[in-house]
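Structure, as structure tokens:
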Amino acid sequence: MTRALFVGRFQPFHYGHLYAIETILKQCDELILVVGSAQMSHEHDNPFTAGERIEMIRAALNAAKIHPDRFMVIPIPDAPAHRVWVSAVESQTPRFDLVFSNQSLTRRLLIEAGYEVKFIKLHERGKFEATEIRRRILEREDWSDLVPPEVHRIVMEIDGENRIRDLAKSDSVNNRKH
Amino acid sequence: MTRALFVGRFQPFHYGHLYAIETILKQCDELILVVGSAQMSHEHDNPFTAGERIEMIRAALNAAKIHPDRFMVIPIPDAPAHRVWVSAVESQTPRFDLVFSNQSLTRRLLIEAGYEVKFIKLHERGKFEATEIRRRILEREDWSDLVPPEVHRIVMEIDGENRIRDLAKSDSVNNRKH
Amino acid sequence: MTRALFVGRFQPFHYGHLYAIETILKQCDELILVVGSAQMSHEHDNPFTAGERIEMIRAALNAAKIHPDRFMVIPIPDAPAHRVWVSAVESQTPRFDLVFSNQSLTRRLLIEAGYEVKFIKLHERGKFEATEIRRRILEREDWSDLVPPEVHRIVMEIDGENRIRDLAKSDSVNNRKH
Amino acid sequence: MTRALFVGRFQPFHYGHLYAIETILKQCDELILVVGSAQMSHEHDNPFTAGERIEMIRAALNAAKIHPDRFMVIPIPDAPAHRVWVSAVESQTPRFDLVFSNQSLTRRLLIEAGYEVKFIKLHERGKFEATEIRRRILEREDWSDLVPPEVHRIVMEIDGENRIRDLAKSDSVNNRKH
Amino acid sequence: MTRALFVGRFQPFHYGHLYAIETILKQCDELILVVGSAQMSHEHDNPFTAGERIEMIRAALNAAKIHPDRFMVIPIPDAPAHRVWVSAVESQTPRFDLVFSNQSLTRRLLIEAGYEVKFIKLHERGKFEATEIRRRILEREDWSDLVPPEVHRIVMEIDGENRIRDLAKSDSVNNRKH
Amino acid sequence: MTRALFVGRFQPFHYGHLYAIETILKQCDELILVVGSAQMSHEHDNPFTAGERIEMIRAALNAAKIHPDRFMVIPIPDAPAHRVWVSAVESQTPRFDLVFSNQSLTRRLLIEAGYEVKFIKLHERGKFEATEIRRRILEREDWSDLVPPEVHRIVMEIDGENRIRDLAKSDSVNNRKH
């Protein structure tokens, strides 16, 4: 049995993530979805809590008929030092055999730790991006075509559009500090 | 839809946990299994990492034919202060409606935060206990009747018996510190 | 009795803060002044320690004849995650009924936690601002008209002008790291 | 002007603390009351949050007609290392000239840092002790003669008696960990 | 070239450590001495700061004519989780080939991480032990025969005997908390 | 005997550092080299771990025939608050008499703590700078004339050039977060 790891921040989860997961699941039996920077929320680039992101991912994968046996979702906060991040991931996840990631730091850390790390073929990169979704929400454009309907529903239920707009009113310094 | 929370340390997961989960699942649609003290491992009372515990839980619930749609497993480290622990749990889990716990501190914190917290009816308490399992491993008695076979297999695969015995050789001070 | 909360960084305390406090005290019986980002000091935007800021606030409010029974000053460090910040505040302050804040993130977090959060009517905003004070100190302009005389005296006693000028010599990276 | 420091955990604030403060105030102009171990609450030896303790102290000193100009109350969490604790206190409090403490570690750390540390003459030590109060609450004995009436009222308002009793039900391990 | 690792707390450094280091240096070219629990000091089992311990070790090894080219001393604080401790050590030390340790947890963690870990042959164990030294200091017995004269001198210079005796006056709870 | 402190990040160690150390050693008997921001690595401005930096420093000073008795190398992570950083340094290093630093924040913190802090006369500043080395590595220019040969060798052994280039591929947000 092959168990793979896929690290993302999912701010929010969108069709680009969904297509990537469907592709990866053809190459492994089980997939660990790591919700990275799990401690972060309520800031411009990271509006949603790990719990909200987990709820989105499960709802979206369920609607996409991906069998829940095939994946698990685990939140991992940033480590106090990059060099110990892989060890922190290993301690919070079941054993895994290979990793899928396009992010340079993530790739580098896992490769230095001895893991095989594969690139993910992205579907319409530039269209399906969390940055674009947050931009559209800020500018009150329609963003519903970029995410599964379940993600849209959850963002509306938690008043996520207003959260993103409110946070944008803060200046950059105060956005990070009280 | 009712989503419930069940907090445990699962050091290791045993039949007592399994029966409790089966009972709770009759009273809710979806269950969040919180793997508490997730940062702990390699100590006498907490031998297994959160990742190892998640692996045990998923394997055991799968073998027990509990549909993976009905539950999710989320590791939560201890908070730096009890008073913020509920808030930390909320930030790392999907929204939940009620909680099942028999542990006094957990109950108290969640009740003070406004949650409904129900007791769990335990099956042969005193027999199915993690303390008893660790004691048997230490004293080289058979412990396989206390856990699902999948848990036993994983503990053997990760050399968990020897880990528990090795840790017992440390004196109490050094067991906690390098 | 109504107890209100007012969150600020007070880097340093100035007349804008004083007028805001006088206005708020007409709408509540007791005011908790939270000195936010309490762990920060010795950086460009946060030159003063929480202790120095508390000393300034008490001296200024005392000189303004605000009865010490009406307010208390409590330092609160930034939380490791925004989502637990409200819980951290609640754990370190007496119970409060409403909040005064114009800062978007602070407002958002407290509103999501269920608090009533009111805007503060600011007096000559743009003139009485900590940024302006720090700018004038850097450029050796007179800044004494922006703060109560007690604040000016304390800044001079702790050699605060030179601290701000020295920190400006560091490049941005080294300013934050040793 | 002489400003003194007095460190306590105040779990809860009792007449012994009050008499000590009255004595100390004869030897200084202003007193900083440090609420130590501020991050702790909801455990057997530390049942109350820093915020609850601050509320108790202010109410009791107010009722005792101690002028609020003479004291301030500041919560200080435990430092990650004893050796940096004095520095952490200094960063969160106004400058102080001398310290009152009977606790050996506190005394030692402050003396090594160069402070003058005086002993506090205690009033009926053995009677007025937080340990005794918590014991009486646990065993449902009357404890109202050990604390100012305001402290008793606040403990009742926050359901503090039941909190202490509930926490006692936990075994020692689970009392500290989830 | 073979570089080895030796982990100890050195509270304080004594002849047992010295003999062990002399033995180990016959089996490697260079030795990294890890001062473990580096954040700890001013408590009964850990009276000395990492800096004080480093000073003792260097003075003692220098007096023993061990060439400073053969060893280095590096302080490592306890990790927030045992499972990431090896990774934390690796990030703060030059690359190493093998480890010498008799401590069960240290051994276990390093072995699980893939290192070769050898036992250290101890010289008169039971006599040369830090616990015995601290006991003698507490009871005002002579302890100078257990440590190199340089260690004795440094302990006297930093008033270490009185520190240990003062800390013993605290009760166990207050010894750890302010 | 005079013991001095020199704080740097050494990302990586270069001839500028070496010349500074040779100059400083004329003014003291023993030098503590503090490897600052010790927890940082794998980011654009801080590519190397503290362990890698220690290895570089020892190899370079050894090759430069600086007697190992004259210096020691100690990693110090950034403190959670600038105001406690000096105290953290003091707790992890042998006692020191004076400090050499050109960095404004470092100087300010140590001066406020009462230390004598001297400027370092730099040799060809602008040429021998870590920023320039990292830039050359990124742009595949020769950088071997800026560092001692031992440093160059170690960077090659740990595949450091590719690490720096890989990290540069990350966008600024993802470079810091997973």
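Chains: A, B, C, D, E and F, in written order; residue numbering restarts at 1 for each.
What we mean here is this: contacts are C-beta pairs under 8 Å (C-beta built on N, C-alpha and C of every residue); 3 or more make two chains touch, one makes a residue touch a chain.
Because the structure is a prediction, the values reported are computed rather than measured.
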Topological distance between chain A and chain D, in contact steps:
2
Using mean C-alpha positions as chain centres, tell me how far chain B is from chain F in Å, no decimals.
45
Where chain A and chain B are represented by their mean Cα positions, the distance between them in whole Å
26
Return the distance between the CA-based centres of chain A and chain F, expressed in whole Å.
36
Could you list the positions in chain F whose residues touch two or more of the other chains?
39-41, 49, 80-81, 83, 90-91
Can you give me every chain pair that touches, using the contact definition above?
A-B, A-C, A-E, A-F, B-C, B-D, B-E, C-D, C-F, D-E, D-F, E-F
Counting only contacts in the complex, chain E reaches chain A at residues 79-81, 83-84, 86-88, 90-91
Where on chain F is chain E touching in the complex?
38-39, 41, 49-52, 54-55, 58, 62, 67-69, 72-75, 90-95
Within the complex, chain A is touched by chain C residues 7, 9, 34, 36-37, 40, 45, 76, 78, 80-83, 85, 103-109, 112
Help me check something: in the complex, which residues belonging to chain B touch chain E?
39-43, 49, 77, 159, 163, 166-170, 173-175, 177-178
